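Note that chain A is present in both complexes that follow, paired respectively with chain B and with chain C.
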Partner chain A sequence: MTTEPVAIVGWALTPMTRRTVNSEAELLFEVISGATEHAGITRADVDFSCAGSCDYVAGQAFSFVQNIDAVGAWPPKRDSHVEMDGAWALYEAWVRLQLGDIDVAIATGSGRSSTADPATVYPMEMDPYYLAPLGADVVSFAALQARILLDAGLVTERQMATVAARARGAAQGNPYAQVSGEFDVDALLEDDYVRNPLRRHDLPPITDGACAVVIARGDKARELTDHPVWITGFAHSAEPHHPGLRDLRVSASTTRAARAAGLDAAPVEVAELQTTFTHEEALLTTALGLGPEVAINPSGGPLAANPVMATGLTRVIEAARQVRDHGKQRVLAHATSGPCLQQNLVCVMEGTR
Partner chain B sequence: MSTQPCAIVGIGQTNHKTRRWDVSLGGLVREAATRALEDAQMTWADIDAVVLGKAPDLFEGVMKPELYLTDALGAAGKPMFRVHTAGSVGGTTGIVASHLVEAGIHRRVLAVAYQKQSEGNAQFALGSGRGASLGAGGAFAPYMRSYIQGTGAPADIGPMVAVKDRLNALKNPYAHLKLADITVEKVKDSPMMWEPIRYLESCPSSDGACAVVFTDEAGGRAAEADGRPPAWVLASAVRSEPASFPGRDPVWSAGAADCAADVYRGAGVTRPREQIDCAELYVPFSWYEPMWLEAHHLAERGEGWKMIERGETDLDGAFPVNMSGGVLSSNPIGASGLLRFAEAALQVRGTAGEHQVDGAKVALAQAYGASAQYFSMWIVGSSLDPFG
Partner chain C sequence: MTTFVESTVRFPYKRSLGPVIGQFMTALTERRLLGIRAGDRVIAPPLEWDPETGEQLDPELIEVGPAGTVRSWTWVAEPSPQHPLDRPFAFALIELDGATTAMVHAVDVAEPGAMTTGMRVAPRWRAARVGHLTDIEAFVPGEEPVVPADDAGPAAEPVTMMGYEASIVYTTPLPGNQERAGKAAARGVLLGFRCPRCGRIYSGLSGSCPVDGLLLSPEDDVELPQVGVITNYTIITPVQYPGQTETEPFARVQVLLDGVDVVLAYQPVADLPNVDIHTGVRVAARWSEADGRKVLDGWAPTGEPDIDDPSLVNRIM
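And now, the complex of A and B:
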């Protein structure tokens, strides 16, 4: 596979909060305006838009239709929607630019978890015949996976608490983060379990928020900015849905996606991973072959803010920021969907040499 | 441009019914996908990536169903992608799958779209769980009234479309509604649902799925050499516009017209009415046929209904429309767009059976969604250069 050079040229995020009074369209209006401004373009310059959002999170069928207002789709525009995290919306936009007839695309991710009760909503993404009726949700399955990792000696509860403390400490430097601060690992370990073996700090916050990324092809990207962040590898992969059919000690689909994205070609300096639960960091760094020299989630990651359907796309933005604003040369972003990391996406980005 | 040719070498669909209680959601999509793989003479192992399309998750009560359906669609170990663009989603699913081949990212891609409406209550889901939705017919009726008022079309046009599509459906073994004794009089005697749409001018609620196998040029050539003609994707296009603002004309939608102009440009079509042999258009309510004929530049403004009155859109007419029986005969919403796209491909492959248009070489397909504001279209051909 040889792909056309496509670069990230602009982005924007909303502040991540527990509850916003703004509609999803308003959140998107803010980030689409912000991302196009960051890229030095207007809405009229966008040739293709793709949104990632979820009807169940919004609590309404066809919820994304209202969001087209934020795109400013007049005259009518090429537009699409994935009922997946915005990271997959970026993937569709990246594929679209490969065709070569248009130059600029925008991808968005948006979710307002506060409109519904996540504990009621999330069991609905399980197998409808065997798992959903049990009321089992992603938190239950995360606890199951954490227990397997603990029993296998692949992680300890102290390591998990350390991940949380480090992430929320790092988030102090992130103006968009929802949860940040200095935490003492010993104190965290004294908390009760929410779902054994997960304590409150092992779980992400419930978050409302949105983000947007502008990408451009080849010469257009160079014209728009002196600092394009080139997407040099982009791939995703799925695993069986039923957790009983998988080896939960590893993340085979993350490894496959990383290989397909060419991660092995050179080292990365920073990885923004969708570690929604603390134990997933050890699992994902192993699956990606990342050594201790790689900085993990300098933004604080999902443990600092978890805007469902935008969490993965936010990883792309935070990794791109490391290239554009902090002089890093090669970085990766990871996104996931489904119970126990069922689907995984890897995006490798590089600065201009 | 880095676009590479993309061929359709496998098509499968389910038997559409009000309630497919004999299959689970996984069983339903697998039925269509298995038929498409058999048609392509491929196995699950031959597929590099799966694209899944469907309309609202609230219809069946399963959030992000691509997660659960990964297993049924043999997508474990592969990229699994989910598209949702309202009623146009089936078309968009096919387009995204074709892009993966055209961009050279994958060689063989399976697109699957479905809806199992009997699993839930669509009206309730459309009303955000409050059950107070006016429904699609209620939303579209004012547009159709406006069309009739603006063009002076006689009242029989809608019923004529309904009769034509239902008679075509009798020739399609997969169609849901089979109304052998239908007549214009019977349609006009059926209850008024949303003025001007009567009961027999409306689509049914169906359970069903459709699957299409896409491959690269080498795969298409190989199928051709093996005596299994492929359908080549000559062009595709999508457009969206906001649902409501003072400048919008939902009768002659700018989004629909731009989408058509784009797909014609891509396929090298300059005289669509002459160069295209037949069309599968998304017509869930009878009066949408003349409206789309106009918005897609197949008839002059205000004249679409005359093509119908003259019988030109009949199966044996000069420009057949909805040869399969259309959405009026089967409407598994999420699949309906891909069914249109697949029917166009069947026609140019010459494998449409009793509803085959003789000598069809170029076919147009279209789907639309939400408040008639999301559009997807493609043109397929029996060769890569049908206009020589």
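And now, the complex of A and C:
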């Protein structure tokens, strides 16, 4: 795969909270201002913008239209929207820069999950014939997959609790995290099930938040910063929508995306994975071929903050931060969408040697 | 103090089923379950396309089930209104006999201890079936389907459509500018905002300057004139859908207030018959009062001469 070199040159996140009083557009004003400032540019320097958000989460048709105000419409900009996590908006922005005629793009992800019960929102995006009429919610889907992994001996409830404790312990160092602290695994395993076999700690918090990433092409990236974080591989892959059609013990699309993104070419030091549920970590690290030497979710990951539609793009930011602020050389970010890890995205990033 | 607004959005979908799913739903009314061949696999419930190859599948469906095997399950201790049962139940992945894939459905048992991976289940049919996935009320343990004594029999005609009714309650914080504009309107005042950078004056509720990418604040509030011109309009002939209360054709107009840079969109009119609405009509706000609060009834003609500007019609934003 020969691609135009594109680098992440700036980013910003809102604090991740259980309930914000700001509108989605206001959240985006904050992160677009922050990300452009971080990149050392103004809104006028942005040639293309792509947003990831969801009308059903917002509770309003064409909710993304008013969010465009936050990008700044002058001079006129090319703009796009994906009804997906912002990680896919970044993918589209990256593809757009491959055309070679523009230099700078911004991708955003935003969502206010607090405004409605996520269990009633989620079925709206499912198959309308066989899944939505059952009110099939995301936690139930996750629990069905978790049991398959448990039955197959691929994970244990203790390992799942350990993932939660580690994630929320790591989140103590992350000022953007929502849930953090020291947790005792034995105590966690005493809790009742929310959706057997998932307990409270196996689930992500309900989170409001947004984030933005500025990417730039080649020389423009070098001009803007001495520390560009180069995107050296970027791919995504989907599987059938219906969980009942798939082998839920593996994540074939994650493996395919990782291969297409060139993950195997060299080791990575850090992986930020969209492990929205604890059992997904074992599944994803296997699918990605990550050994114990790879640090998983040093930010705390989605178990510490889960701003739906921004959770995946946040993984890209946290992985890029490991390169830019912590001197790591090669990292990966993963994002997922759909029931039981239906569609998966892998972004490989590297610093400048 | 932020004001939160509660709203319920209903999604009363009606969907056509097509040749494959229609056959499946029709068969449900006959208390039969169907699957479709895709290479070596039998997919149940059936899909129109092979999920591996994308090829259209032969819509010759084959009977599967009615009993099946639980491949995974979870326990729903607190059902939501959208769930199929109103008491605790299990969601399960059920591989129907003769199928090689699993379907998601509910299993009705008293407690999670009654569930195991590998257990056998069969459908409990509703007495009155309409060709909907919930014609199976739930699966129950065992090999034998449960049929109510008052079984109403199959559908008289092939099932071609299905309804899906969902409703979501949203609790949304009201942005500060909208709250200020709402309070002003209750006094009969139209509140707008002047961008401190470019000087443009915005009507309505946006609260930001999209040109500059700038949030506006209470210091930017301005009182707007209540006289302007119709730039564009639409006459809506109502079709009856859930929630529609209008029965006669009605108008909505875009109003550009004097000295303001953006239009007020989708406004009602007053004292202006549909046939007389056109671009260029000078209009003024018409208020009424109810419970001590002003209410904007619509925009009424001022009687001034029309504004003759061909570019006005393009002012839709």
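The rule is simple: the second predicted complex is superposed on the first by the 353 of 353 C-alpha atoms of A that agree within 3 Å, B and C clash if a C-alpha of one lies under 4 Å from a C-alpha of the other, contacts with A are read in each partner's own complex, and residues count from 1 in each chain.
Everything that follows uses one rule, which is that a residue touches a chain if its C-beta (ideal position, glycine included) is under 8 Å from a C-beta of that chain, and two chains touch if they have at least 3 such contacts.
Please read all numbers here as calculations on a predicted model, not as lab measurements.
So, on chain A, is it clash or fit between chain B and chain C?
clash
Scan A:Asp55 for contacts with chain B and chain C and give back first, second, both or neither.
After superposing on A, A:Asp55 lies in contact with chain B but is clear of chain C.
Determine, under the contact definition given at the top, whether A:Leu134 touches first (chain B), second (chain C), both, or neither.
second
Mind working out whether A:Pro197 is in touch with chain B, chain C, both or neither, as first, second, both or neither?
After superposing on A, A:Pro197 lies in contact with chain C but is clear of chain B.
Could you tell me if A:Ala235 is touching chain B, chain C, both of them or neither one (first, second, both, neither)?
After superposition on chain A, A:Ala235 lies in contact with chain B alone.
Between chain B (first) and chain C (second), which does A:Val121 come into contact with in this model arrangement: first, second, both, or neither?
Once the two structures are laid over each other on A, A:Val121 reaches both partners.
Look at A:Ile68 in the shared chain and tell me whether it touches chain B only, chain C only, both, or neither; answer first, second, both or neither.
In the superposition, A:Ile68 touches chain B and chain C alike.
Could you look at A:Trp88 and tell me whether it touches chain B, chain C, both or neither (first, second, both, neither)?
In the superposed model, A:Trp88 contacts chain B only, not chain C.
Between chain B (first) and chain C (second), which, if any, makes contact with A:Ser337: first, second, both or neither?
First partner only.
By the touch definition at the top of the document, which applies to A:Thr3: first (chain B), second (chain C), both, or neither?
First partner only.
Pick the chain B stretch that clashes with chain C in the superposition, from 91-99, 145-153 or 181-189.
Among 91-99, 145-153 or 181-189, only one stretch of chain B overlaps chain C, namely 145-153.
Once the two structures are superposed, pull the chain A residues common to the chain B and chain C interfaces.
56, 59, 66, 68-69, 71, 73-74, 121, 124, 128-129, 132, 239-240, 242, 245
Please give the residue numbers of chain B that touch chain A in the complex, ascending.
1-3, 24-25, 55-64, 66-71, 75-86, 92, 96, 99-100, 102-105, 125-126, 128-129, 237-243, 245, 247, 253-255, 258-259, 370-371, 373-375
Please name which positions on chain C make contact with chain A in the complex.
Touch residues, chain C against chain A: 2, 7, 9, 11, 13, 15, 17, 21, 25, 43, 45, 47, 51-52, 71-77, 80-84, 91-93, 95, 101-106, 112, 117, 132-134, 162, 164, 166-173, 175, 206-215.
Touching residues of chain A toward chain C in the complex: what are they?
Those residues of chain A that touch chain C are 20-23, 25-26, 29, 32-33, 43, 56, 59, 66, 68-74, 114-117, 119-121, 123-124, 128-137, 140, 143-148, 151, 193-198, 239-240, 242-245, 248.
Please output the residues of chain A touching chain B within their complex, sorted ascending.
1-4, 54-56, 59-62, 64-66, 68-69, 71, 73-84, 88, 91-92, 95-96, 98-101, 121-122, 124-129, 132, 235-242, 245, 252-253, 256, 337-339, 342-343
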